[in-house]
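In the two assemblies presented below, subunit A is common to both, partnered first by subunit B and then by subunit C.
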Partner chain A sequence: MSKPRRRALRLGVAGWIAIAVVVTAVVVAIAAPWLAPQLPTGGSILEQFEPPSVTHPLGTDVDGNDILSRLMYGARPSLLGPLLVVVLALLIGVPIALASAWRGGVIDTAIGRALDLIFAFPTVLIAALLVLVVGRGLPAAIVAISIAYIPYTTRLTRTMALRERNKAYILACEVQGLSTAAIMFRHLLPNISRFIIAQATIAFGFALIDLAALSFIGIGIIPPAPDWGIMVGDTTSIAQGNYTGVIAAAGCIVAIVGAFTLLGNRLDEGSELK
Partner chain B sequence: MTALLEISGLTISIPSSSGDHLLVDGVDLRVDTGSSVALVGESGSGKSVTARSILRLLPDRAKVSGDVLFEGSSIFAMSNAELMRFRQTKVAMVFQDPRASINPMRTIGDFLIDGLRAGRDLARASAVEEATRLLGIVGVSRAEDRLQQYPHEFSGGMLQRVMIASAVGSGATLLLADEPTTALDVSIQAEVMALLGGLRDEFGLSVLFITHDIDLATSHCDRIDVMYAGAVVESRASSDLVAAPRHPYSAALMGCRTHIESRSARLVAIDGAPINASAARGRCAFEDRCSFAAAACSDGRPDAMSLAGDGYVRCVRADEIANDLVRLLHRPSDELAAVVAPIVIAATGLRKEFKVRGAATPTVAVDDVSLTLRRGETLGIVGESGSGKTTLGRLLLGIESADAGTIVVDGALRDGRARSAAERRKRGRQLQIVFQDPYTSLDPRQTPVSAVTEILALHRADLGRDGRLSSAVRLLREVGLDDRQCSALPAELSGGQRQRVAIAKALAADPAAIILDEAVSGLDVSIQAQVLNLLADLQESTGVAYLFISHDLSVIRQIAHRVMVMRDGSVVEEGATVSVLTDPVADYTKQLLAAVPSAAGPAA
Partner chain C sequence: MIFGVLTLASGDPLAALLGNRTPSPERVAQLQAQYHLNEPFLVQYWLWLTDAFRGDFGDSIVYQTPVSSLLRQAAPISIALILMAEAMIVAIGLCAAVVAARHRGAPDAIVALASSLAISIPIFVFAVLLTIIFGKTLGVLPTVGAGTGGWDRFSHLLLPAFALAIGSSALLARVGRSAMREEIDSPHVATEVARGIPSHHVFRRHVFRNSLPPLLAVIALQIPALIAGTVVVERAFNLGGIGTLLLAGVNAGDFPLVQAIALLIVIVTVTLGVLVDILHAMLDPRMSLAGNQ
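Up next is the complex of A and B:
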């Protein structure tokens, strides 16, 4: 018997470029300790704002740290953070969405209202509140953004699950006598998984921006730890007219977010069954 | 002979929101010591409830009147302790499915020994000896070795023997056998029946045998009580009944056993819900389906009329039609087949409303619809979109719950969605569906083989992995798929092929009935004919009943034995397909027929 084949995914040139960008970023993040010319922190203030040179290809920042090394090390929290956000938001959101779509009625309404409530709080507010409770740092930022994303992942998954649930084959499974768990995990979830992955990919980009924003306003990662958000928010450098680090970090964010959004959209197009 | 068991005026009803649901309506029954009596009836006739009442195994909310006397003392007057003792030592029960009534985790020996020691003081060693002896009596060879074995190592027939051994071992004088052979092969069936007969002769064990099979009953039991809609309609000695049945229903049951399986060209229309005892109060319950019905039949419930040779019949016309019945018996007709095939779906007074936002009154999608579907039969439901035919199907499936009315599928009452996984699985074996759109009714990620295997895994765990795979391939070949198509994804199959897969999936659970909801409407005409032929062939070989929902009269004409025309949620006309389509009574049916493009006219 042949394995079920996936529908062909049309990437196009842009899609391949996006994949190249993502793969490069991941490789750099993992191999940062070996690839980076310097350590990301612990530079000397005496080497502040050096122009690009052989030792510092992108120059140094206000603390005398090598900007390229900071970018490379910064890829780690900048990629790991959004990944954790998306995974958390899906782990919580997808089961809620499935329950909501499957049971319908009062349960669906109750879940919908609860999600509205969470939706009403801006991400930054949730983050600020969490920081009060657990203190500053990456974990608080990730948890805050995950909470803020739950309504988003839940709503989208619910809509898709509801659409799929009303298809005849799911009803047929029920009539066949399959248990709810079997229908969910063997039929419903696999058939909407591509859509969920597409949405998660797009959400990854947004999470990257939101995490950077929290770092930027000072309630995310604590400086001088390397992070793209912190690098963009390096106001001292800007005040002194040195934009190299800011532009480089912003460029990385734009490239990654762009790549993920594009891939997400490509996946989404393919997930629409005919 | 002395009466061991005497039931008099037993009436049982279950209270429900729509009034009491009458299950048993004044049953009198007598089992003499050392005799075997058969209680014969279709599912829903109340025979099993009657049997269970003897052990007081009724739901707490059941309302019971009348009396059950065992050895002269009333069962309903017993204290709980007395009842327990009575169940342990006086009466034993054997069920249809022996596998369901034995703990699979314990050995056959443990099962028998527990039973032996429950009622009395018995050392374990002597209990083992006794268990060995009992297995020998019921014809299980190498009894000592087999005591160590587990239920799964026994065949169904052997396991039924174990159940009977346990009954004998309890010292019971009455054995209640509720369809004990229905789940067994025909050859094993005869052996088990012979065993029961032998035990009666040897140990004086009285047997009350509950069955739907009147031939089996008359060939193995002394007396026959035929039940219909909760009442005994005829009570005779076996030999008398075989010679000359006096109730039209008994005659119908006997007359056309051989014709049930064959697809008859014409089946009579059966109105109402024949199994519902409540609906038949104050008249003869069989009236609706009786070809001998006369005005007198609706005039009160027929009294028992004594017959020569210690028997009675409840039919006001019994004397007038006696000769006709005997004649019928020797010339079985299709009409009798229609009356006798067991009922698969019986729905009464179904109603479903949908609230429409903004509208003052709800829309009535299904309005007081009753229907009966029998084994091997196809009932066509015709109507335009919005006539409520699809909602009716969803009510029967239990996807939607009815606002009023009752649904009995394959003997089980169903009300709305299944409440447990086990119930859902059980329902899967009762009723299946094939949908209109073959493009959404299959999981796009599943090949036909894996889809069918998945269903077999659910319902046929006994087959094993390889067995399921080969069964799935066999089933898919049967519906006309080749090997390559068996392992292709739905996207690679044509609409007709997909619909074949859907049919194979529906058949995999071996259901009693299949709802075909516009199942061929999406297909080209030539493919349509192929699928219709396939459906007819499958019905012939498996006896599955179809509820064929369609807007297309020409399709209905080809496949349905009977037809029901629906409009705005209610049934406007029903009857044999031939008569409804050639000689319609209702104006609406005439309109529908007029709208069909005829072969002679211009092509549509």
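Up next is the complex of A and C:
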């Protein structure tokens, strides 16, 4: 008997472009100190809004900082932040989901209610309350978005785990007397891992948007640190008709989010066993 | 459930009050009396809860006026914004869904492309692009402030509401299209068409109605995002609504103000969710309000 095979991952041209976009962003983020022509902060206000030149390929912003350098350094929090959000939300969400799916009954109901409660708090509100208590910054923003994402990761994982629960291979494991932990970690999780990774990839894109939105409204990353959300929210530049930094940062966000969403969907298409 | 929400929202006002200022001892005593900070936590909580029920959220620390009067000034702006956005979401989303579902080929492809673009562009990017295009380049619509009076308010909120609506309406268009397509391809619709019932009649009475429940589910799921989006859009267009107050409160450590807004937002989110559920049950008799009967 042949083993059931997963459908191969079909990337297509768009998928390869998406991978190229993500790889480029990661390389730029890591190598920012060597690639960037200038430092991202500490510019002189005397060099405000300079047009593109050899020293400033995209010109300078309202504070006289090099826009290209800010874009490159800005890739760091914009990629690291969502990564931490997704990892945190999975680390907390997946165990809760498995407990919920396996125990059922009262525990399942209680967890469901608790998730509903979190769901009643929009991300911005969680961030606002957290910032009020612990102060503004990247850590508070990451924790706030992670909390807001736990209901989503938990619900999706629980649904998937429930679907697998009554399949023959799980029942076979139970008949053999394997412990619950062994079934979950050696049999269930490997089988739903691709689905979880697909959802995490899509969530990465949303987390990037939410994180940038928090910086945009001024309760995320603290200026003048380089960040794409802060760059899009540069109202002074918009009011003065200088859009280069705003448009470039917005373009970066949209490109990365689009790439992650596309890759996540491609992964999801083949996530179930044939 | 509400109890849990309130406990969370109560937080720790003492830390915030003393965290960012160094007042004289008399001022500390006065503040403590004013905000009941010298009482035990549960007493504080009870005082806040009973006052909140009467619509009294205490005084704002930054503005030194009652929080309730601040809310009363800001609320009409946010409510108008959300209502306009929701109207746009339903109008744009439904129209696009109907067009895509009824006309295969080019119209369907255009809606699919436009909606995937709209979904992957964040609200704040839309807000900034609209400001640049309509406010700065074309100069046809106001992009700062909320305006005063009927028409002025409406024109000031047009771009913000559109920025808020575009993402959700794209999602609605997608879900609506596939729900309607499923109905169109179903046997009961084929039977009606075969019986010679006019196609617009079949569409209105059978396809459209049957595809409403999943659309309502999407609208319900989008409510927290819509409220979060309001805060972002109010900031982008400097509207001075509830979201603006929330940000001002957070940045200044104004605990009573943020508490009140948090409570308000949670109540609005939950209430809207329940309303959509009721509507859902009215449209789909299989969905009982009591859950599973």
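By our rule, the second predicted complex is superposed on the first by the 267 of 274 C-alpha atoms of A that agree within 3 Å, B and C clash if a C-alpha of one lies under 4 Å from a C-alpha of the other, contacts with A are read in each partner's own complex, and residues count from 1 in each chain.
Here is the rule we go by: a residue touches a chain if its C-beta (ideal position, glycine included) is under 8 Å from a C-beta of that chain, and two chains touch if they have at least 3 such contacts.
Because the structure is predicted, anything quoted here is derived from the model rather than measured.
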{"item": "Superposed partners subunit B and subunit C on subunit A - clash or fit", "value": "fit"}
{"item": "First (subunit B), second (subunit C), both or neither touched by A:103", "value": "neither"}
{"item": "First (subunit B), second (subunit C), both or neither touched by A:119", "value": "second"}
{"item": "Touched partner set for A:218, first subunit B, second subunit C, both or neither", "value": "second"}
{"item": "Vertex subunit A angle, Cα centres of subunit C and subunit B, expressed to the nearest 10 degrees", "value": "100"}
{"item": "Contacts of A:261 with subunit B and subunit C, given as first, second, both or neither", "value": "second"}
{"item": "Partner touching more residues of subunit A, whether subunit B or subunit C", "value": "C"}
{"item": "Subunit C versus subunit B - closest C-alpha approach in the superposed model, Å", "value": "5"}
{"item": "Subunit B/subunit C common contact set on subunit A", "value": "none"}
{"item": "In the complex with subunit C, residue positions of subunit A that touch it", "value": "113, 116-117, 119-125, 128-129, 131-133, 136, 205, 209, 212-213, 216-219, 229, 232-233, 235, 238, 241, 243, 246, 250, 253-254, 257-258, 261"}
{"item": "Footprint of subunit A on subunit C - complex, ascending", "value": "1, 4-5, 8-9, 11-12, 15-16, 119-125, 128-129, 131-132, 136, 224-225, 227-228, 231-232, 235-236, 238, 243, 246-247, 249-251, 253, 255, 258, 262, 265-266, 269-270, 273"}
{"item": "Sites on subunit B touched by subunit A in the complex", "value": "397, 399, 421, 424-429, 431-433, 435, 437, 440-447, 449-450, 454-455, 458-459, 487-489, 502, 505, 508-509"}
{"item": "Complex contact set, residues of subunit A against subunit B", "value": "1-2, 4-5, 167-169, 171-180, 186-187, 190-191, 273"}
